[in-house]
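Order of writing sets the labels: A, B and C. Residues in every chain begin at 1.
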Amino acid sequence: MDTLVLSKGKMLSTHPGVRAEATFQKTIFLSALVIIVLLVAIFLSLLIHSVPSLKAFGLSFFFSKTWDPVSATFGVLPFLVGTLLTSFLALLICLPFSLAISIFIGEYFKKGALSSFLKTVTELLAGIPSIIYGFWALFVLVPIVRNFQTKIGVFPYGVGILTASMILSVMIIPYAASIAREVISLVPSDVKEAAYSLGSTRQEVITKVVLPYARSGIVAGILLALGRALGETMAVTMVIGNSNRLPKGFFSPGNSMASVIANEFTEATASLHISSLIEIALLLFLVTMIINIIGKYIIKKISVGA
Amino acid sequence: MESAILKTEGLSAYYEDNQVVKNINLSIPEFKITAIMGPSGCGKSTLVRCFNRMHEMVPGARIEGKVFLKEENVYDMESITVRTRIGMVFQRPNPFPMMTIRDNVIAGYILNGIKLNRSKSDDIVKQSLKEAALWDEVKDYLHKRGTFLSGGQQQRLCIARALAVKPDVLLFDEPTSALDPKATSHIEGLMADLKNTVTIILVTHNIAQAGRVSDFIAFLYLGELVEFGPKGRLLTTPKDKRTEEFLTGKFG
Amino acid sequence: MDLHRLKLRIWKDRGFKAIVILFSFLSIVPLLLILFYIIKNGILSISWEFFVELPRPVGEKGGGISNAIVGSLLLVIIAGLPSIPLGIAAGIYLSENKKSRITYWSGLAVDVLQGTPSIVIGIIVYLWVVVPMGGFSAFAGGIALGIMMLPMIVKATEETLSLIPGSLKEASLALGVPYYRTILRVTLPAGVSGIMTGVLISTARVAGETAPLLFTAFGNAFMNWNLNNPVNSLPLLIYNYATSPYPEWHQVAWGASCVLVVFVLTLNLVMRTVIRRWKVQF
């Protein structure tokens, strides 16, 4: 390469390669930077547009159960409860299935047609768009729940917290399962052999050695599944019942933080209404961010230690 | 002749179609140290894993023939019972990283769901650690995880763990090959003490170790039992040419 | 160790395995049910007209979802145009500068972005694009989907390039090839299958997204090629029709769901087989 070195040590190049090199380096650097800027901008935008609502309600926003566009009083409690109820119930329901899949593929059938089949099915479950889940739940699951409710003498809404939790749990099965499966299959064989040599059955080795060893990975998988559940919108919106009142029980209709935004944002005209909805979005953003960071942090710790 | 605690009749072991152990008839004398010696790949690890039925856990693995522990056919018993009567210490120390030292020692009970009351478990922990010559070094750290222990200490912890379930036979599968000379001699001395209470079968490719430690030696080559006899006789006046070639270092 | 407990433990062992197998296969049931209903109900709507005609008003027979199909395609293309190059470039930086501070924060930002709920992205793009532009548009919808595609492409690129052995890079540099050419002509092509997988996966993901389009692309009953105007998409159509009170529209929604599901699942299955064959072996 031809270069002329100037007195101050700057390189002036007549070779186009060096300029191209610099452009390349700058481009990829800026690209990486853009993502950081994007995220910060998202946070700031949400914050700035929440200010009217923050100023109007302050902390009571989180404890007030009145959400009334007419009187312009907004409190997020009904949706907080709706989100938490549906997400945790969904997590509870999905856990046995996710764990079963991860033990199946990670321990009993590490290789072979059966495990490939199950792996494919799990990935397909993750690939189905949430609108499809919601649509199917609305037309198939809701009537079933409605029948059940009539049988046990409860008001047959069909829609509600329980129905939303059910469809949500199906959607998050793959998320918990895939990470758990990874860590379970990575448990070193010499620790398992030690347990077998002491006369343990396979079930004892799995429940008392493998699962405790893989504990942090399983927790990470649960956290990631939780993050997914908290932010899920369409499927929940279609079957949760769209009620802005605090849900009284699992059969009550309700709304989640995501679903109230989906339902009301396009129709909201009053700036306070809009600002309150954006404050909910800010809350969603922060909560999912924290959960994801913790989950990813745990995963990183495990991969480094492995 | 000492009484045989473990006997094999026509024992062969296979991985799929590959025969790794060929028709072995062996009698292991009780309360002695029997070394199973031979070059790498001769089938000695596989052989002892047929004793505690760990061999069958490999997909595609099978055996033919019989193995008797005190006149009972090991393959007629439940495998998990066999493993509490024939214990194993592995080549690389493998204490349970999620358990305390104390729990590691009584892991054989914990994992199998056997509840011990506090004083009984304390006794077992203390006795096993003493038998493994580890008690003094860890008695103040029983409630810590064992990860800070040295390789030799970890291996002795594994020995204590195996001893705690009071097996009749203890298999040592090249137990010192991952350890330094000082830890090695520690464990060799330990074995000499242990044989009074438990029969020891030691797998090794190290002739000098077999010479130091064992009472009897079985020499295995390419899956066959070439020769078996008292250590002194086998090492000085081997009957088979292959034994002699191994001892003189013609192959490793 | 007594015999009674032994039998109990052996039964527990067998029972445990049975339960694991049972629950694993029970998980397949929802997938099967969903596919079954969608295909069973949706197939009735499928016809050539369905793909090429516009939706008819309620009460009129026939009609199709052509505007939604076209809209989905438009949105995905608008989404991919900025996000694919940006994502690959960022992924290159992240894989080539592992120790840099920017890499740490950028990687963190990618993870957070990936986990951000899609409805939040929709709000953001509403604030940044729809409000200044004065209305909903395909452009805004594309930007929203693009932001969602970005983290997946960055990660796919970063992970793929990190797996490529350094010896490949060294061989090129040792021949006097400048660094930037080495990356562009040697490393990147070697990683093309992994990167393509990332692009395809993210495309499949955003093709099915509804929430970010609710306040950006908004939907359109008619065909629209103008990027400044609202546009329909398959998921949006399904949402609007499914939640409407008209049974004819429900039927259209089944058909559209059928199309969407077949498309997404085919893409997934094709990816697994094709990409495996494309993988450059080291």
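Note that in this section a contact is a pair of C-beta atoms (placed from the backbone, for glycine too) under 8 Å apart; a residue touches a chain by one contact, two chains touch by 3 or more.
Since this is a predicted model, take the numbers as computed values, not measurements.
K.L.:
Can the chain contact pattern be summarised as a line, a ring, a star, a complete graph, or none of these (other)?
P.N.:
Drawn as a graph, the chains make a fully connected set, so complete.
K.L.:
Check B-C against A-B and say which one is joined by more contacting C-beta pairs.
P.N.:
Looking at contacts between chains, A-B has the larger number.
K.L.:
Would you kindly tell me how far, in whole Å, the mean C-alpha position of chain C lies from that of chain A?
P.N.:
Taking the average C-alpha coordinate of chain A and of chain C, the gap between them is 15 Å.
K.L.:
Report the inter-chain centroid distance for chain B and chain C in whole angstrom, where each centroid is the mean of the CA atoms.
P.N.:
55
K.L.:
Between chain A and chain B, tell me the centre distance in angstrom, where each centre is the average of that chain's C-alpha atoms.
P.N.:
49
K.L.:
Do you know which chain C residues sit against two or more other chains?
P.N.:
Those would be 1, 9-10.
K.L.:
Taking each residue of chain A in turn, which ones touch at least two of the other chains?
P.N.:
Within chain A, residues 199, 201, 204 contact more than one other chain.
K.L.:
Could you list which residues of chain B touch at least two other chains?
P.N.:
Those would be 80-81, 84, 112-113.
K.L.:
Across the complex, what residues on chain B touch chain A?
P.N.:
Within the complex, chain B touches chain A at residues 52, 54, 57, 80-84, 87-88, 90, 92, 94-98, 107-108, 110-113, 158, 161-162, 165.
K.L.:
Give the list of chain A residues in touch with chain C in this complex.
P.N.:
17, 20-21, 24-25, 27-29, 31-36, 38-39, 42, 45-46, 49, 96-97, 99-101, 103-104, 108, 118, 120-125, 127-136, 138-140, 170, 173, 199, 201-204, 206-207, 224, 227-228, 230-234, 238, 258, 261-262, 265-266, 277-278, 281, 284-285, 288-289, 291-293, 296
K.L.:
Where on chain C does chain B make contact in their complex?
P.N.:
Per the touch definition, chain C meets chain B at residues 1, 5-6, 9-10.
K.L.:
Which chain B residues qualify as touching chain C in the complex?
P.N.:
On the chain B side, the touching residues are 78, 80-81, 84, 112-114.
K.L.:
If you look only at chain C, which of its residues touch chain A in the complex?
P.N.:
Checking each residue of chain C against chain A gives 1, 9-10, 12-13, 15-17, 19-28, 30-31, 33-34, 37-38, 86-87, 89-90, 92-94, 96, 102-103, 105-106, 108-121, 123-124, 126-128, 147, 150-151, 154, 178-181, 183-184, 204-205, 207-211, 214-215, 218, 235, 238-239, 242-243, 250, 253, 257, 260-261, 264-265, 268-269, 272.
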